[in-house]
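One chain, chain A, links the two complexes that follow: it is found with chain B in the first and with chain C in the second.
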Partner chain A sequence: MQQRLKNRLGIMGWLGGGRYGMDRYAYALHRITGLGILAYFIMHIIVTGQRTGGVERWESTMAFFGSTPFKIGEFLVVLAFAFHAVNGLRLIFVELGWWIGKPGTPSFPYTYSTLRHRPLFIVFMVVAAVLMIIGGVDFYFVLK
Partner chain B sequence: MRESRLWFWHILSAAVILVLLGIHMGIMHLGELLHMAGIGSGDPVDSSQVFGRSRQAVFMITYILLLGAGLFHGLYGLRSMFFELSLSKSLEKLVGGVLAVAGIALFLYGSYVAIVVYQMNGV
Partner chain C sequence: MNKSATQDPSIIKTVQFEVLRYNPEGNEAPRLQNYSVPVIRGMTVLDGLNWIKEHLDSSLSWRSSCRMGICGSCGMFINGLPRLACNNQIVHLHSDRVTVKPLPNYDIIRDLVPDLEGLFEKHRSVKPYLIRKDTEEQEKPTGEFFQSQQELLNYIQFAYCIKCGLCMSACPTVATSENYAGPQPLTAGWRYCADSRDEGLQERQEVLYSSYGVYRCHFAGACSQVCPKGVDPALAIQLLKKDAFLRSFGFGKKKKAGPVLPPVRDWTPGGKIPEAPAKTVPRKTE
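This part shows the complex of A and B:
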């Protein structure tokens, strides 16, 4: 009979790849949000270009994009922006070598830059979450 | 040398975008909350508001800056992703060229819009 292996990670396995650190998820999200914002931006340049047609053309354009699905799409851009901006600032700090500690002789208990940087990582993610919540509250009133 | 210079611009443009887009998103997506706090007058995409901003030189100039910084940053980011795929040198050149042409075209169009709408002086 075929042996069944235990699902060690359980439902958490859907959310996390086990030994992938949270930095790895931040990397993937940074990429996805960057591409998403870029796609939006290119369409945005064309759409806001309708302003050259004056008030009438602008209003008919906004009437088209004013429906709830488009509003939800815009809100996704707000969420993507909040994450990409805050995480991007964190990456700039890392690339400048700030708050990752100094290199030293490896001695027990071992530590490494990602680990030393983790408290700051968490603080930045909390800031991103707060921005998303503020954007969400505004969005709630927009829909209401 | 050229690659490290481009990368430096990628990081520098991020700092510029952080400020300009931060303000843009604040105007566009905190409108309701600001209105409740007594600032501004609600819907930021209402034509009176949109054309009221477009007639101001400060918006025209910062929009052109944001166009340049945003397009460079985003398209350079996309180019880096393509370059991670170990393309041949000639394919790399082609990708870089196509993205550069697309970026310049969008920049010119967006800047043209910002200037024309500025000159319409509010409609």
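This part shows the complex of A and C:
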């Protein structure tokens, strides 16, 4: 019997799967940070919901989540949020057709939308990095 | 470079081909097989595979036809990227090892042969042909549909697609979502929607803007990076999104299909076309 072999890359296709440009890694990070932020929001709702259980319950919950590992976790959420928000804004620009060029007649060596968009990509990533640093400084003093 | 001195002087070096083998009839797991291939100037990866087939292993299978980047049948995963085997010279890979695997994201039929049927099915689902209200005119044309040079430029880039399927292999969304339409079919859809002679958007939007349509794309751009024809599917997908946005807020231009031009009358050729020379050999029927 002849059998086809499945060859879909699955989640590994997000993380690598070839020698691709940086936009593809921004894609992967956007999806991963999106899922991370979603998980955080669900937790956040459960945690703040503890307030309805009375002051004591709320204070013990806050003391538990005030420990260093959770602070580090929160800092990771800040990093994820900075990247996801700035990259999301960039994607909105892209979807409105800004800074990706116009179609024409392709001639070799080909240029394409992601290459034409690269300067804006770099600017947005720098903005995300600045937000991350600000978040880091803030957290450093909070942790202290 | 390990040039073998005893051989033909045109041989520049010998490279190791590492080729994925899969036999659908046996129960063996797929494996990588090594072959030493002498390389001459201008030799493509496809030439290398042909050399292996002729000299080392006649059982190796792959798909190819035109060997000039036109038919789109020799797509393979070569040294870390989906590429056309006939379109890439071995020396340009800058490596003494050439790893050749079948295109990812497609089932493997045998060795390097992917099953592209899913791609073609999705391509057909976007109705990749001119759809017009004047079907009578399409069936029995009385003239040409008008199109300006600028209108042609709106879609001609996307019409260069050869359906090789490399973009679908590179796309990370296709990697996790079997139902996602994917860069090639979406680009084919936009190629026709952007055509000034077409009126088929209504019929295509069910596929293009479904939950498995354009909004699953987050501009990873790998499709455009690997496209051997400079089609830029990532651009086509963003233009589809932009078009939907503009239309939903009433900003888009109302599209009116290009009119039928009146037949050309009162036209005679320039007068400089020379007469055909007299026949020198009588036809058989004469």
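The rule we apply is simple: the second predicted complex is superposed on the first by the 120 of 144 C-alpha atoms of A that agree within 3 Å, B and C clash if a C-alpha of one lies under 4 Å from a C-alpha of the other, contacts with A are read in each partner's own complex, and residues count from 1 in each chain.
Here is the rule we use: a residue touches a chain if its C-beta (ideal position, glycine included) is under 8 Å from a C-beta of that chain, and two chains touch if they have at least 3 such contacts.
Bear in mind the structure is a predicted one, so any value in this text is a computation, not a measurement.
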item: Chain B versus chain C as contact partner of A:I45, first or second or both or neither; value: first
item: Partner chain in contact with A:K6 - chain B first, chain C second, else both or neither; value: second
item: Chain B versus chain C as contact partner of A:Y27, first or second or both or neither; value: second
item: Touched partner set for A:E95, first chain B, second chain C, both or neither; value: both
item: Chain B versus chain C as contact partner of A:G104, first or second or both or neither; value: second
item: Residue contacts with chain A in the superposition, chain B compared against chain C; value: C
item: Touching partner for A:E59 - first (chain B), second (chain C), both, neither; value: first
item: Partner chain(s) touched by A:G36 [first = chain B, second = chain C, both, neither]; value: neither
item: Chain A residues contacted in one complex by chain B, in the other by chain C; value: 31, 95
item: Contacting residues of chain B [partner chain A, same complex]; value: 11, 14-15, 17-18, 21-22, 25, 29-33, 36, 45, 47, 50-51, 54, 67, 70-71, 74-75, 77-78, 81, 106, 109-110, 113, 116-117, 120, 123
item: Residue ranges of chain C in contact with chain A within the complex; value: 22, 24-25, 30, 77, 79-82, 102-109, 114-115, 153-158, 160, 170, 172, 174-176, 178, 194, 218-222, 224-225, 227, 229-232, 234-236, 238-239, 241-242, 245
item: Touching residues on chain A, where the partner in the complex is chain C; value: 1-14, 17-21, 23-24, 26-28, 30-31, 91, 94-97, 100-101, 103-108, 110-114, 117
item: Touching residues (chain side chain A, partner chain B) in the complex; value: 31, 34-35, 37-38, 41-42, 45-46, 48-49, 51-52, 54-55, 58-59, 62, 74, 78, 81, 85, 88-89, 92, 95, 134-135, 137-139, 141-142
